[in-house]
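Quick heads-up: structures coming right below.
In the two assemblies presented below, chain A is common to both, partnered first by chain B and then by chain C.
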Partner chain A sequence: MKEIRLATKILKTLVKDRIQYPDKLVVDTIGVIARCGILLILYGYVFKLNDGVINGTTFLFAVWSIFFYFSFSVLRLRDISGEIMRDIQTGNIEVLFSKPISYLSYRMWWQVGSGIYSFVIITIFATLALIFIMGLPSTMTMSIFIPTLILTFICGAILSLFLYSIVGLLSFWIEDINPVFWIVDKAVMILGGSYLPVALFPAFMFKIALWSPFGASQFVTHTVYETWQINWYQLVGIQLFWIVLLGLVVYFMFERAKQKVSVNGG
Partner chain B sequence: MNSNSIIVSNLTKKFSFSVRNTSSGWLKNLFSPETKEIVAVNDISFSVKHGERIAFIGPNGAGKSTTIKMLTGILFPTSGKVNILGFDPTKDRKKLAYQIGTVFGQRSQLLPNLPLTDSLEFFGVMYDMPEKEIKKRIAELVELFDLDSFMTQPVRKLSLGQRMRAEVAASLIHKPKIILLDEPTIGLDVVAKKSLRDLLLKINKEENTTMFLTSHDVGDIESLCDRTIVINHGVVMRDLPTQDLAKTFVYEKYIDLVALSHFNNFPELPEGMSYSSRDKNKITVVVDINKMSVQESLKKLLDLFEVEDIDVYNADLETVIRHIYERDSTSN
Partner chain C sequence: MMKELYFALYAIKKNIQSSAELRTSFLMNIVGMSINNTAFIILWGFFVKSVGVIGGWTVADIIGLQGFVAVCFGIVFSAGAGIRKLADYTASGAFDRFMLSPKNLLVRIATSSFGVSALGDIVFGIVCLGIYAFFIHATLYQILLIVLLVFISTILFLAAAIAIYSTSFFFTDANSVTSGLFELFLTPSLFHGGAFQGVMRFIFTFAIPSLLIGALPVEIVRDVSLGKLLLVSILALCWFIVSINVFNRAIKKYESSNFMTFGN
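Right after this comes the complex of A and B.
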């Protein structure tokens, strides 16, 4: 109960903070429009060259898949790695360790809170714009779509937080986690379908995207395809498997890390 | 009921880190590096009673902050035990956090972009206080710390003095039994320092909060603490009432001589006396009273100089503390 109350307070406080400083929303919006927009223009052109169909997928499905990736990325869950590294490097971790909270769960809720305002606003407006401009694929009007989208979204968020927390926790052992972060982040981007929609992947790449935690953290991009109706439970199952496994890794890493804390002046 | 808030027994903290051996190859340095060990805190023991105000002082690198971080459960001791209000900080960090407040002078715990009231409410929830109690406590702290004039300003727009008052208030939101302060007055001007010290004394008197503070500021020690523990090289060197600190270590007296007209020459002084400062208008002489009494030294000085005025006084606390540090450094 206490955890839920604190989590709610974190979310409310950070939303209030973001409302007071709307510049971050503007930056996030420009970022999504620029990155997502450029990719969609390029893909629109490529699909046109192929008579509108590539690998059995139409442009409409690709648009929504890429949009889901960018919408999810607005939450900035990946930034938890940098936050943990900064806490350790600046010594700010001592302030949080002296409070009656679980450091990691606090950091995770803080990360969600930091991005949720931009995420909600951008997702609502961009979804309406996409419906208006492109229309909805038939798969998104099925009754199963919304509940399974929410389920895989939550699982993806937890998985992303665990994945990037592991990278952040490495700061207890190595001074600069940026090279590791770069590798993991690029793996997530590629296997998650940010550069190329997963439906266009060659078979072996698709398997890697399906079975690796990097791709699994972005299964929200799979929800628009027709195959989702048949194998969503398998994909959510893969996500749950990685959540349990990475959750244990995070737990044991943090238990070891706590004993390695060292802050300037002690 | 145990009258001690804090009991520290044989506490030791060692830090080990790898060092690059230039004579070894990079592969050996990567996989089998040489390690060096530093003993930051070495077998210290002390206890603190409820409501006591303790200064925990020492030069840079003495082990003060390491100790305070072990008391709060941030750092794990290499050996030894800490008992705070019946809790072991290594096992009961979260439970202990409900009972203690911490102020780290060089770090902020407040939410920078939002008004102070948001930070206080935030910490109230963090300490699982009911909403009604949070509001009541905030009202108390606003009155006690005179926060009213800047409660609605974003924290980042506060002056350093205002921010430190706010930091201490935030640390007290849950009415902790002990407050641990790590250099709370660092960077503050004299007025802000006095104001903060007065507030801490008030909290100690009104809520019987035990205070444990580290500081390099002699004013903090003199005006706030009734007991001083001196630590150096990770070892407790002295543990005594603050008022005895100056008395115990004064083996030197200072004598100021003001010239009748001008001091023209500065003859060599007899053994037991030395110049602390000298110019044509005023001389300050340090007398080692183990070697020469004040009376004898005055006689000798009056034979040597023509003076208009004389002032004899003890070293101030800052000088005494410096002597302790220097003496401990040379004896180690």
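Right after this comes the complex of A and C.
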């Protein structure tokens, strides 16, 4: 109950803050246009050159898959690494440890809260624009699509938070986690289907994307393809496996990390 | 002019010495950034493999493109990382101390900070350009073109950065605006150059100079196109003059916040 109250309070406060100061929404919108918008226009040209089909995939499927990746990235769950590092470097972690709340839970909800407003607004408008301009593939009109999309989205969000929290917690042992963060982040970017949709992956890369936590955190990009109808439970199962495993890693790392903190007072 | 240059070099030297104090972090940043950048080559390499050659662009050209952009980015944001902090300086009032300095304002701001990770971009970029030259069996003439184009592209990148970050003076909290504008400029420059055709090519050449720092230099080296070289050189000069003017006009908008800070 206490956890739910904390989460609700954080989400409410941050959404109110984002509504009052819409700067982040502006940045996120420009970011989505710069990355996703331009990329889709380029893919339109590329698919046209290839008579509308590449690797058995049409432009419509590629568009939605790429869009789902960029829409998910607006949540900025990856920023949790930097936030944890900043807490440790500035000593803010001492203050947060002294509060009667779970530090990691607080940080995770904070991360969700800081991106949710931009995510909702951008996703709604971009989805409407895409439906109007491109239309919906048949796979997205099936009854199974929405429930499984929500399920894999939630699993992906939890997995991303765990993955990037592990990177952030490394700050207790190394002074600058940025190089580790870049490598993990780029692995997610490549295997998640950002600039290259998963349907265009070579076979070996697709397997890595399927079985690694980096690709699993972005399974939301798989939902638009026809194969999703058949193997969605397998992919969600992979996500759940990684959630349990990385959850345990986060737990044990955090327990060890707490022992390294020395509060100096002042 | 020479005095300003000496000052800039001195400031950069001191910044490097200061950053290198944390040796492990310093080296990890350089290595990490180099590895990080290879992601784009992997991505666009697979793109070429899946989609085929578009606009005459092969994987070698993608490597060349990433090389040009990384070197430009690295040079500008290692030595001149202060430009990226302009929005913070103006918002916090820290800009006051630069205005009181007898040195050239732009040089003083640019050299006020050093980007260690950008050194990784330079290393990565040089390696990429070396591989690119090897793959295309570059002649001496093409190698000289690469060196010349790195210089021109860097000026262009610097000009674009100055113009973008000068907008900091026009907004109360400009961080979001400058980040957005910079993303709009940088992201397309890393995309597959052959896919930019027609209106898109025109926009990202003349309105937003993204293609001028990577895609066009690659095409110039590959096709040994003097016409395009002339175009990029003229546009680089124009952008540089315009950006300096924009900066000089923009600083007149600054109002002191009466913060008294000293030192760097």
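One rule holds for everything that comes next: the second predicted complex is superposed on the first by the 261 of 266 C-alpha atoms of A that agree within 3 Å, B and C clash if a C-alpha of one lies under 4 Å from a C-alpha of the other, contacts with A are read in each partner's own complex, and residues count from 1 in each chain.
The rule we apply is simple: a contact is a pair of C-beta atoms (placed from the backbone, for glycine too) under 8 Å apart; a residue touches a chain by one contact, two chains touch by 3 or more.
Just so it is clear, the structure is predicted and the values come from calculations on it, not from any experiment.
Peer 1: In the superposed arrangement, does A:K48 touch chain B (first), chain C (second), both or neither?
Peer 2: After superposition on chain A, A:K48 lies in contact with neither partner.
Peer 1: Given the touch rule stated above, what does A:A34 touch, chain B (first), chain C (second), both, or neither?
Peer 2: second
Peer 1: Contact-wise, after the overlay, does A:K207 reach chain B, chain C, both or neither (first, second, both, neither)?
Peer 2: Touch status of A:K207: no partner.
Peer 1: Per the contact definition in the header, classify A:W182: touching chain B only (first), chain C only (second), both, or neither.
Peer 2: In the superposed model, A:W182 contacts chain C only, not chain B.
Peer 1: Mind working out whether A:K24 is in touch with chain B, chain C, both or neither, as first, second, both or neither?
Peer 2: Second partner only, chain C.
Peer 1: When the two structures are laid over each other on chain A, which of chain B and chain C touches more residues of chain A?
Peer 2: Tallying touched residues of chain A, the top partner is C.
Peer 1: One more residue to check, A:R256. First (chain B), second (chain C), both or neither?
Peer 2: Once the two structures are laid over each other on A, A:R256 reaches no partner at all.
Peer 1: For the complex, which residues does chain B have touching chain A?
Peer 2: Contacts found on chain B: 13, 15, 40, 63-69, 72-76, 93-95, 97-98, 100, 102, 104, 107-109, 111, 113-114, 118, 121-122, 125-128, 182.
Peer 1: Over in the complex, which chain A residues touch chain C? Could you list them?
Peer 2: 23-24, 26-27, 29-31, 33-35, 38-39, 41-43, 45-46, 49-50, 54-55, 174-176, 178-180, 182-183, 185-187, 189-190, 194-196, 200-202, 205
Peer 1: Show which residues of chain C lie in contact with chain A when the two form their complex.
Peer 2: For chain C paired with chain A, touching residues are 22, 24-25, 28-29, 31-33, 35-36, 39, 42-44, 46-47, 49-52, 54, 117, 173, 175-177, 179-181, 183-184, 187-188, 191-192, 195-197, 200.
Peer 1: Touching chain B in the complex: which residues of chain A?
Peer 2: Listed in rising order, the residues of chain A that touch chain B are 2, 5-6, 9, 13, 16-17, 20-21, 90-95, 97-102, 258-259, 261-263, 265-266.
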